[in-house]
Structures are given as structure tokens and as C-alpha cells.
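Each structure below is given as C-alpha cells.
In what comes next, chain A is part of two complexes: it sits with chain B in the first one and with chain C in the second one.
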Partner chain A sequence: MFEITKKREVAPNVHEIVIHAPAVAKKARPGQFIILMVDEKSERVPYTLCDWDREAGTVTLVVQEVGQSSRKLVLLRAGDQVAHLVGPLGVPLEIERFGTVALAAGCYGIGAILGIARAMKAAGNRVIAIVEADSHYLHYFRAELEAAADEFIQTTIDGSENIKGHSIDVVKRKLENGESLDRVIAVGCLFMMMLAGNVTKPFGVKTLVALNPIMLDGTGMCGACRVAVGEQTLFACVDGPFFDAHQVDWSELRDRRVAYSDDEIQAVARTDVAAPRRERAHARTA
Partner chain B sequence: MATVTKKKEIPRQPMPEQDPEDRVGNFDEVPYGFTEELATLEAQRCILCKNAKCVAACPVNIDIPGFVALIQQGKFLEAARRIKQDNALPAVCGRVCPQEEQCEGSCVIGIKHAPVAIGRLERFAADYERRMGAVTIPEIPPKTGKRVAVVGAGPAGLTVAGDMILKGHEVTVFEALQGPGGVLMYGIPEFRLPKEIVRAEVDYLKQLGVEFVMDYVVGRNSTIRELLDEEGYHTVFIGTGAGLPSFMEVPGENLIGVYSANEYLTRANLMKAYLFPEYDTPPIRRQRVAVIGGGNVAMDSARTALRLGGDVTVVYRRAREQMPARAEEVHHAEQEGVKFMLLNNPTRVVGDQHHRVVGMECIRMELGEPDDSGRRRPVAVKGSEFVMDLDTVIVAIGNKPNPLVPRTTPELKTTKWGTVVADAKTMATSIPGVFAGGDIVSGAATVILAMGQARLAARAMDAYLHGDSVANPAADSP
Partner chain C sequence: MQLNIDNQTVTARSGESVLQCASRHGIAIPRLCSHSSLPAFGACRLCIVEIDGMRGTPASCATPAVEGMVVRTNTEALRDLRRGILQLILLEHPSACLVCDKHDLCDEFRPAAAKAGRTTGCHTCNNKAVCDVRVLADELELTDLPVPPVYRNLPLERSDPFIDRDLNLCILCGRCVRICKAQHGRGTIDFVGRGSQTRIGEAFGRSLSEAGCRFCGSCIDVCPTGSLADRYAKWYGAPSRFTATTCTLCDAACAVTVHTTAHERAVAARGVDPRVPICVLGRFAIPEFLNGTRRLKTPQIRVGSRLRDVPWQQALARAAEHLRPFVGDGFALVCDTTNTLEDRYVLYKFTRDVMRSPHYIELQPDARGVSRAGLPDGVRAALLTGPFVDHERLQQLDLLIVQDCYATATSELATVSLPVAVLSEVAGTWVDGDGRMRPLRKACRGPGTAKPDWEIISELARTMGETGFEYESAATIARDIGAVGARLRIRQTEAPIAATDPSRRRTHFRGHCLDDHVGGLSELNGVEPALATAAVGG
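What follows is the complex of A and B.
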């Protein structure tokens, strides 16, 4: 069992959950993920490792309630326990001194880039963190990211605060203005990551995206997480989660993400807590 | 019954089983197993050969005449204990071993009559002991102070754990999934191997003192090196089993509705998707299902799909005689209503505009000259393509070995297929003190072969811990 040591809602329906998992915290590296089961009857669901504290033996997740499994998790409180948590899984993100690195993020990805921003900066990069949300009140981790990055930019899709538009629009403007970016990393919903790839491709800037298709075991066994990248079929759990945005077959991936949504509607319908049915593509969980 | 005196007059006893029409509607075990009377009668058929060929044909060399003789005498508990001297998982093996190729395949009675039903007798003895609550803990020798790490809690890992704890060593088993059992839990369905039996066999190992650590990924949480150098283990066994599924490499294989058997079965078995929504993982419940392949995994997938309400066809590119599945599994599948399209090979999966499967194009095959495996090679019949109307394709054509340990252990020698190189007699790998067995070494094989390799490994690991030198494949490059 793994105890939740801290939980807070950092924005509406965005929960920061800190869990005691020393074996995971000890080895966690930027870009990796874990698989969590709330209880013995739960699904195995992947979540990105946003942050970790090796001394305290804890890991930090950012979770949005999007379905049965994530609802079970966000209904827990500090002091409660989850049945299973396994990780760190996936190939750690390549951290080197690239020069200037732009991190574009939305939804759960705002949390997910925190660890990446710190590691990239520690490696000697100039780090630009650009985060987007539908509206101003959905932003979170402002102070943390401001401290971790050299430049921090917030956008809102509805224009209610700061720059109006997507985070990738900021990247595009920078590139058009001749600003040199050596690497772009985009973490967020599928649509946002696809846009990121489309924007940077003409500029030839290497762009990595964190793909989170449906997973089951997460350790290289079931093959549910396969994604077409270039000419190859790769597996997000052991080859990913980061892939070259310019090589990913986006339309196939988008369809695979919702492969079980009809089945899951059945699961959602059976609990009494009303669930906000956000667009499936925004779901971190499957 | 007792009036029958001539052994050869007793026919091979059939095992009572659930009616096919009933069982397609549930996930309960299909065969009920022998009663005491049936087991005694079947055991009478054995002539208790002195130099028994069945023992030699068993990968773990169970004393078959020995335990069958005990069943003849009505000493069922003693029979179970006799089996357990050589096999830590008899209730499992009695159900899933390919006996027709092993013990029963070499039974002398089988030359003129049907062979003695050794597998059913093994199952009976193990079930009897469990049902009576008479499982006893053997005496364990004094602790040696040596620590053994077993990576993976599947059939190979469980066997090594059982053997090593009985030799007085401390044993820790690391498992990435939420519970022990490996393929016995995620792969083989409830109706063929009730999970309660796997749990009972694991509980037995726990009672012997084996420690199990779940949710622990060797390769990520600790490397093999760290287990040896930092965490105080004296020897390591790698039994990480099957990995990424193989696909056919035909167009359309990433369409929605194409699943690996690994995914399909893991959902149903490990995650209990057939009990959805009591369990949260949704099952794949579709109408028209094709299963590609002719092995046990294909049969398990087909019979699972049938129980989830589908119309199921097995598509296999060779002929019936060449199907690698156990004869009993094919028979059960057929009885339950699985259709077989033999000598057909998929060439393309057809999808709609939403990337969902709507059909599969196949080409007819005919048998040509024998290939390397001695089986007649299937050859495509030109122009014979046709399209099957489907919504689901389950690909059950095998796995690659699990990549996690090899990828994180650079000094571990592997083959070009990704399997770990191990000495055939000792299962020693290229790293001193590290042994391996099961599918991580042999690719995709059976539970009992994995257990046979594990048995060899345990013997060599024990010798290694006592300071004996162990043949190491690092010296001779393949």
C-alpha cells in the first residue's frame, strides 16, 4: 500500500497528489511515468511523474478527474492509501545542454514539465516554460515554474489573462521573430501536441511530445500502447513516452485514445458522483 | 469396479466436465476433475514400469510410477507429496502441460491402447490435498545465510523460489504486476486454470518463507547489478518471461479493434474485465471476432471471446495437424462453437474512416514442401484473396522476450531475437551468479518447459552458492 501524504486542488479539477513511494522516488527521472491502481479492482492507469523527493521518498502527480479511475483517485484524501503504484516506467527524457529549450504545456502537462524544467536548467540550458489553459482560473504551479524556468509565459485560450491563444502560438511567434530554439518539448492533450509538431516542423526544430495512449501493464508486455512513428510501430511504455512529434501518425493515435470510451461510459454511469465529461482528448487517463 | 482385474480391460477414464452449452455462458473451470473412484480406476491402468519412459519425458522428471502407485493404493495425500518432491506447482501442471507430447506421449500403454491419463491423475492428487486442507510444510534445512533474488513471479520464478527455499536459502521474488503468478494470472483464463489454484500454490511458497515484493520493476527500481552489488543478493534468477507481442506486419494492424492476445487476455484474466463493472477495466466485448494463430494462446483468446458473447473464428495458416495447441484445448474450443478457418493467412486488416476494424482480407494457403521445423510449409494460392466481415482481430502469433532487463543490463549477453543467452545445462548467463529461464531464454514456450529450466537453474544456483564453479556461456560465444 502507498500512502497519500498530501493532496490539494491546485485549480478546478486539477489535483496535486503526493504519494509515499520510496522505491519510485529513488530512481525517478524527468519524463518518466508510473502506473497506479487505487484498489484491487481498479484499472491500471498511467500518470506522469511531475516531481519527486528522494529524501522524503515521495512522488508528485497531477491528476484530472476524467473517468471512473481518476475519480476514485481524486476522491481520496491525505492519509488514505492506494493499492498499487509501480514505476518509474518509460525511458527518461534525454537531458543535455542543448542551448535554449522551450517547454510548452497544457492541462496535466503544466505539472508534468516541472521536473523537466528543473533538469534542463540544471544541465545548463536556457529554459522557456510556456503554459496554456482555457481560462485564467485554470492555471496552476505558477510560482514553481517561475522559479524553475528562465522565462515563464502564460496564455489563456479565452484571452481572460495574459496572452490570448495556445502555448504553441508563442513558440511560433518566437521562431518567426528569428529567436533560436534548440529543442521544443510539448506535453498536454493530443491536439495541442499535434499542433506543436505542425508549428515547429517548417523551422526544423527538434520537437518531442509525451504520448500517453492506453496502457495496461506498462512494462512491455501487452502491446496496447503501440504508436506508429515514422515507418515503425513503437511501444509508448518501453520505447517512449517521448517521441519525435514530426514522425508520429497523429490521426491514428487520436482514434486509438478513444478506443474504450464507449465501454467506459458504462463505468462512469454507475457512480453517484456527477462527472464532468470533458472532451476525451483532454484526458490524461484512459 | 474392484472386480476388474485385467488392467488392459479398463478404458481410459474421461474427466467429467461442464456441458459446452452451459460453459460458454460462464468463466468457471471446464473439467471438474476426477472423483476418487475415477482416479483409482484410471491409476489401475498403469503397469508401473521400472524404467519408466514417462519420467524421462517429463521436463521436471516427476516420479510418475511412484505417485500413480500411491493413488492405486488410495494414498492420495502421499501421492500429492510424492509429486511435490519434483514439482512445486502440480495443480497447475496437471491442467496446462501438453501431456500428449510428454509423459502420456511416451506411455507404454499408449502403444496399443489410450495412454494412462497421467495429467489428470496429477491434477487429482494436487486438488485432493488442497481440498482436504492437508497441505503440509516440509522441514526446511538450517539457513545458509545466502540470499537469492528472483525476478518475475511466473512459473519459472515460482519454481526457483520453491527449490531454493527448500535448500535453506533466503528468497525474495520481485514482480512488476500487482500479484504473483505471471502468465498463470494474466494469460491463462479462469476456465482453464482457476486463479484460486494459483493463489494457493503461491501461498504455499509464502508459508515456506519466500518473500514476495509486488509493484517492483527490476531494471527500473533496481538493476541486476544493484541487486548483486548493493542490495546484498548472492545470486539472481531472471524469469521475466514474455514481452512485446509479435504482430503479423500486414497493413491495418494498428487499427482500433486489433489487439494482441496479451492485451486481450490480460484485460480478461488479470484485470477481471469479464466482471466489469464490478471491476473497473472494461472488457473487449465485440460481435465478430477473428483470432490469428494456432497455439494455446489463440485457443484461450478464442474461448474468452466466445464467453464475452462474440462469434469467433480461428484463422490459422497451416492445417489442423500442425496446430501447436494442446489437443484438448482445440477440442474444447470446437465443442464450444469456435469456428476454424485453417490454411488461411491474413494479408490486410480493413478499417473505416475512424480507424475501426470492419474486415480482414485473407488468402488461402496450401501445404508445400516441409520447412526447417519439419512441418509442411504453407504456400499462398494466387488470386484467392477474400474479405471476412469483422469488428475485432486478436493476434496470437507469439511474443518477443520482455525487453526491460536486457535493456538495462548492458553486460547481459542476448541473442538477435532479444532472448537471454544461457547455458543449456545450468541456465547460467554471461554474468557470474546470474541465471535465467523460461520465455526470457526460450522465446515463447510452455509453462512446464519454463519450470524445467528453472529446476536446472536452481540446482546450478545452489552449487554456485556453495562455491562450485558453474559453466558460463560468456566463455563460448554463440
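What follows is the complex of A and C.
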């Protein structure tokens, strides 16, 4: 069992969860992920390792509630236990001195780029962290990212704070203004990562995206997480999660992700009945 | 009474508002708080119009139509005003997706919304596919918000049975409050608090169940946003088909419209008559009961101690082979009156003509829907359409065939188990508590290869080499037995008794306890003593 040491809703529907898992924290490297089961009958779900503390033996996840399994997880509180946590999995992100690295992130990706920003800066890069959210109240980890990056830029889709638009719009503007970016890394929803690839392709800037297909075992056995990248079929779990955005077959990935949507909806409909009792109790005492 | 709306001469009925008159003549005026089954309220102000001789821009929903009026509904000035009003409404509603410049591309790439807990934009909203606010924002070409929006951060309310509430999406149109008052004559929910703190809720911070909510679901049906949602149906998006049929969960036989997805899965049911609420069973139980994971999906035959899935042909051949030695008094067939007339006729005919047995036992469910029966002495083989008979008696049988919708301890004992389609999965004729014939129309597909009772029995009879069972549809049987002229109970003078008095609500259908299959019901019944007390004060 793995104890949750800290749990808070950092923005509406976005939860920061810190879990005591010393063996994972000891070996975690930027860009890797873990697979977690909330209880013994839960689905195995991959989550990006956003941050880790080797001394305290903890790992930090940023989780959005988007279905049955993530709901079970976010309803837990500090002091609760999760049944299984395995990791670190996946190929660590290549960290070298590239020059200027732009990190574009949205939703859970804002948390996911934190560890990457630190590592890239430590490797001697100039790190530009560009984070997007629908509105001002959906931003989180501002202080952390501001400290980790050389330049920190926030955008809002509705223009309610700072720059109006998407993070990738900022990247595009920088490239159009002749700023030299040696590498772009985008983490967010599939749509956002696809946009990132489309924007940087004409400029020929190497762009990496953290793909999030349906995944089962996470160790290359089942093949559920296959993605078409260029001429190859690769597994996101052992060949990724980072891939070249310019070569990903986005429409295939999207179609594979929604293959079980009917069953996923059914699953949510059934969990809802029992799970959230404590939510109300919590709301009342809050 | 004649008036002029947008250069069109129209005739108004007495007592009609400008909005009603315009709608009746196909002139669309934007609105969010007005609803066809509710009186005018004038909360959203989107239906403002210009009327010659009147100051300002009156709300057309609250302005009576008067002889000789000259009304303009869609001038540039009005559109500007409406856009401004909508911008203000959206300041307290997650609205980023409405003003996003990539909104079309996003809709194309990911049409379905993510099943989020908190909705933070259209891409995580259960109402995305059918949202009035989205349509309006498009129509008014909304591209920005005048000042930063506010997220109220109210707790999600997901612990009441059947209904999820995210009041952070609420635009305070008051439709839910008004429909509840109109249909139940009492205020289970109302506006709570003042000014920017106003929200929809129950008195004293109670939950819906504690406040005496009857869970008729009408508030969900009229909500123009995703604030109020049917927990079961919410992520299925827009239904692809609507079928009016009869609810057979009790004798009231309310007409309900069953909503089905493109995969022919029933996801919701609503009362047909908008003035009268239906009961919680009709509104919420049907889809969950039909989509239960323990539904029987495939025919099964006993191999040793276990039941094995087999094709229909094989299961029917096995049943026929086992039944043949029991032709005569040793056989009994037990069903209950939740079956259609067509089913009951074929079941009866099978017992009499094929099995040549007098033991056709048709049970009348009691007030709670429970049907129990004993088997006559000397019966060694039985065909049951549900778990109606005590286990001890069943264990004495030499042959048990069960055709049912759910796996039960009874079907576990069977030599042959056959999956049945029920409720809105079948067509036919049904007799309600007043003895009137009501039509059942097929709205959705049964699970796996499940079939209606009449079809299974007809095929079984044919497998046994009998003639007279060459039925192709329920309609052909209906003609044979003169079951014609069934009409939906579309107009109701009052709500069914089960909607107003929970103690009169059925707990069983076809021998199955509904609580076991419909999650919200067990919760609802768990709090019912409190509910009854609350109702006295309410």
C-alpha cells in the first residue's frame, strides 16, 4: 500500500497528489510516468511523474478527474492509501544542453513540465515555460514554475489574465519574431499537442510531445498503447512517452483513445452511485 | 388581435405574450429562462424586443401581445444589447470555450466532452451536445468577455440519488425552481442567498433527499445548462432517437419517451406530458435496469454443474428435447402480468396446445410488484419467466427452464436459461391498472441476443415440431387475439400515485428487486423514513 501524504485541488478539477513511494522517488527521472491502481479491483492508469523528493521518498502527480478511475483517486484524502504504484516507467526525456528550450503546457501538463523545467535548467538550458488555461482561475503551480524557468509566460483562452490565446500561439509568435528555439516540448491534451506539432513543423524546430494513449501493463507486453510515429508503430510505454510531434498520426491516436468510450461512460454511471458520499460531507465541513 | 412582428402581420391569441405569439409564427427570439411549459419569469432578459410607443426594450416573455403593436425582434441594437447581456451571464459560467478562437477545430477533433468532475469549459461539460447557451453564443457571435469571469467554486453535489449538480454552471434562470413549484406545488428547491451569493438550493443546507425531493427529474429536463444532470445519462451526449412507449414498471402505465444512442442503448426516459411529473421509476430506473451488467445476454445450457453459453438453436433444441417427456400434467408454466398480452397469449397457447398441461399460472403482482407462486403437486417440470417460486420447490423438479432478463439464483438452477428482452426493448400490447390497452414500442436493442418472450416460446414450439406458432411480430399476434386500438396515455390529469407517495411505489419488476439493479433507488429507499417526515413540513 502507498500512502497519500498530501492532496489538494490546485485548480477546479485538477488535483495535486503526493504519494509516499520511496523506491520510485529514488529512481525517477524527468519525463517518466508511473502506473497506479487505487484499489485491488481498479483499472491500472498511467500518470506522469510531475515531481519527486528523494529524501522524503515521495512522488507528486497532477490528476484531472475525467472518468471512473481518476474519480476514485481524487476522492481520496491525505492519509488514505492506494493499492499499487509501479514505476518509474517509460524512457526518461533526453536532457542535454540544447540552448533554448520552450516548454508548452496545458491542463495536467502544467504539473508535468515542472520536473522537466528544473532538469533542463540544471543542464544549462535557457528554459521558457509557457502555460495555458481556459481562464485565470485554472492556473496553478505559478510560483513553482516561475522559480524553475528562466522565462515564465501564462496565457488564458478567454483573455481574462495575461496573454489571450493558447501556449502554442506564444511559441509561434516567438518563432515568427525570429527568436531561436532549439527544442519545444509540449504536454497537455491530445488536441493541444497536435496544435503544437502543427505550429512548429514549418519552422523545423524539434518538438517532443508526451503521448497519452490507452495503456494497460506499461512494460511493453500488451501493445494497447501502440502509436503510429512516422513509418513505425511504437509503444508509448517503452518507446515513449515522448515522441516527435511532427511524425505522430494524430487522427489514429484520437480514434484509438475513444475506442472504449461507451464502456467508460457506463463505468462512470455505475461508480457515481456510491463514491461521492464523503464529498458532500467534506463540502459541509469546509 | 393582430400585430406586426418583424414586418409580418400575425394574429395573437388572448392572453398570449409577444414571445409566445412570435414563436407560434416561427419567429425565433433568443431566450434562456423562458420555457414552453412554464409561466413568464423575465430573468434572463435575452428576449428583449423593440416595440413602437414603448420605452426601452421590454422582455417579450413578460409583455402581453396587444392589438396593433409593431415589434422588432432582431435589430443590430438588440443584438448588441443581447450580446452584452449574454457576456454578463457568462461571467459566472465557465465560458472560455465559447470565446476560444480554436473552438471549431476543437469540436471537430474531439466532439464528445470529457467526463470531468468539475466542468471548466464546454469540452468537459455534460450538456455540450444540447446546450442552449452554446447555440446562443454562436448566434450572437460572441468573441470575448468584457471583464475576467468569476468561478464560484461551489462544492459539487453528487451524493443525492440520480441527480448531479454543479451549480458553478448555473445561470440562475430559475426554470428548475419554477417547474418544481408548478409540478409538485411546493418548493423543494429555491433561490438561496442574495446578490452575487445567490444559488439554487434547499432550505437549511439540506440535501435533495432530505428536503423531500421526489426525483421526478423535471428540473433536469428544463435546465438550459449542464448544472443539473441525470447522473446516468449525462455523458452520452445528444440522443439519436426518441421513442414514445408505455412504462410497465407499475399499473399507472405512464407514457414515456425513451432516449436512445446511436448504438441503440436506452439512456434516459422522460414523461410525455410536460405538465405532470412521473415517478422516479419511470424517469430514472428504465435505462439503468436495461443496461445492467448482470443482464442475461446469451442462451445457456447446463453442462455438469455449470451453465455454458451456446447459440439459440442449440439451447432451444436442448429445451425441446428435455420438455418432450413432460407433456401433460407434470408441466407448469409461470409468468406474471408484467408481460405483454402477446407474450401471455403465446405462453398460454404453448402450455395448453404443446405441453397439454392445465398448469398455466399467471401471477398478478401485488401493490409492491411482488409476484410469488407455488407449483401444483405432481409438477416435475417448469418453465419460469422470473424468480417467482421458492427454491425448495424448484430443487424437487426434474426440469427447470428459465427465460428471464437477469441472472438470479433461480436461473442458476436452470437446465436451460434463455435471455429475454423487456420494457422498452420490446413491442406489444399491455393492460394497465384500469384495464385499458397500452402500446409498448421498441425503443432499443436488448443485450446480446436477448429476444422477447413470445418469440422465444414460438421458436421453442416450432423446434418441438408444432404448428400454429409461425408468428413474425407482436403485431401479427395482436391481430390474432384482437388486441387492437391500444393508445398511449399521453394526457394525464394528475401525477401517478407512485410519484407523490413513495410508499405506493413498486419495488419489484418481473420478480426482480429494482433496488438491486438501479443504484440510486437503494439510496433513495434508504433515506425514505426521513423523506416521509420532511414531506410533512415541506
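Everything that follows uses one rule, which is that the second predicted complex is superposed on the first by the 271 of 286 C-alpha atoms of A that agree within 3 Å, B and C clash if a C-alpha of one lies under 4 Å from a C-alpha of the other, contacts with A are read in each partner's own complex, and residues count from 1 in each chain.
Here is the rule we use: a contact is a pair of C-beta atoms (placed from the backbone, for glycine too) under 8 Å apart; a residue touches a chain by one contact, two chains touch by 3 or more.
Since the model is a prediction, treat every value here as computed from it, not as a measurement.
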| item | value |
| --- | --- |
| Partner chain(s) touched by A:Asp255 [first = chain B, second = chain C, both, neither] | first |
| First, second, both or neither for A:Lys26, with chain B first and chain C second | first |
| Chain B versus chain C as contact partner of A:Ala83, first or second or both or neither | first |
| Contacts of A:Arg226 with chain B and chain C, given as first, second, both or neither | first |
| Partner chain(s) touched by A:Ser135 [first = chain B, second = chain C, both, neither] | second |
| Touching partner for A:Gln64 - first (chain B), second (chain C), both, neither | second |
| Partner chain(s) touched by A:Glu161 [first = chain B, second = chain C, both, neither] | second |
| Chain B versus chain C as contact partner of A:Asn125, first or second or both or neither | neither |
| Where chain A meets both chain C and chain B, residue numbers | 264, 266, 270 |
| Contact set on chain C toward chain A in their complex | 94-97, 99-102, 105-106, 109-110, 112, 114-121, 124, 144-145, 148-151, 153, 155-159, 161, 164, 168, 205, 207, 231-232, 235-236, 261, 263, 265, 288, 291, 293, 519-520, 523 |
| Complex contacts: residues of chain A adjacent to chain C | 12-13, 64-67, 71, 74, 134-138, 156-161, 165-166, 190-191, 194-195, 254, 258, 261-262, 264-266, 268-270, 272-274, 276-277, 279-280, 282-284, 286 |
| For the chain B and chain A complex, residues of the former touching the latter | 176-178, 186, 214-217, 220-221, 242-245, 247, 253-254, 256-257, 259-260, 262-263, 266-267, 271-272, 276-283, 285, 354-356, 399, 402-404, 407 |
| Chain B contact footprint on chain A (complex, rising order) | 23-24, 26-27, 37, 40-44, 68-69, 72, 83-89, 216-217, 219-224, 226-228, 233, 235, 238, 249, 251-252, 255-256, 259-260, 263-264, 266-267, 270 |
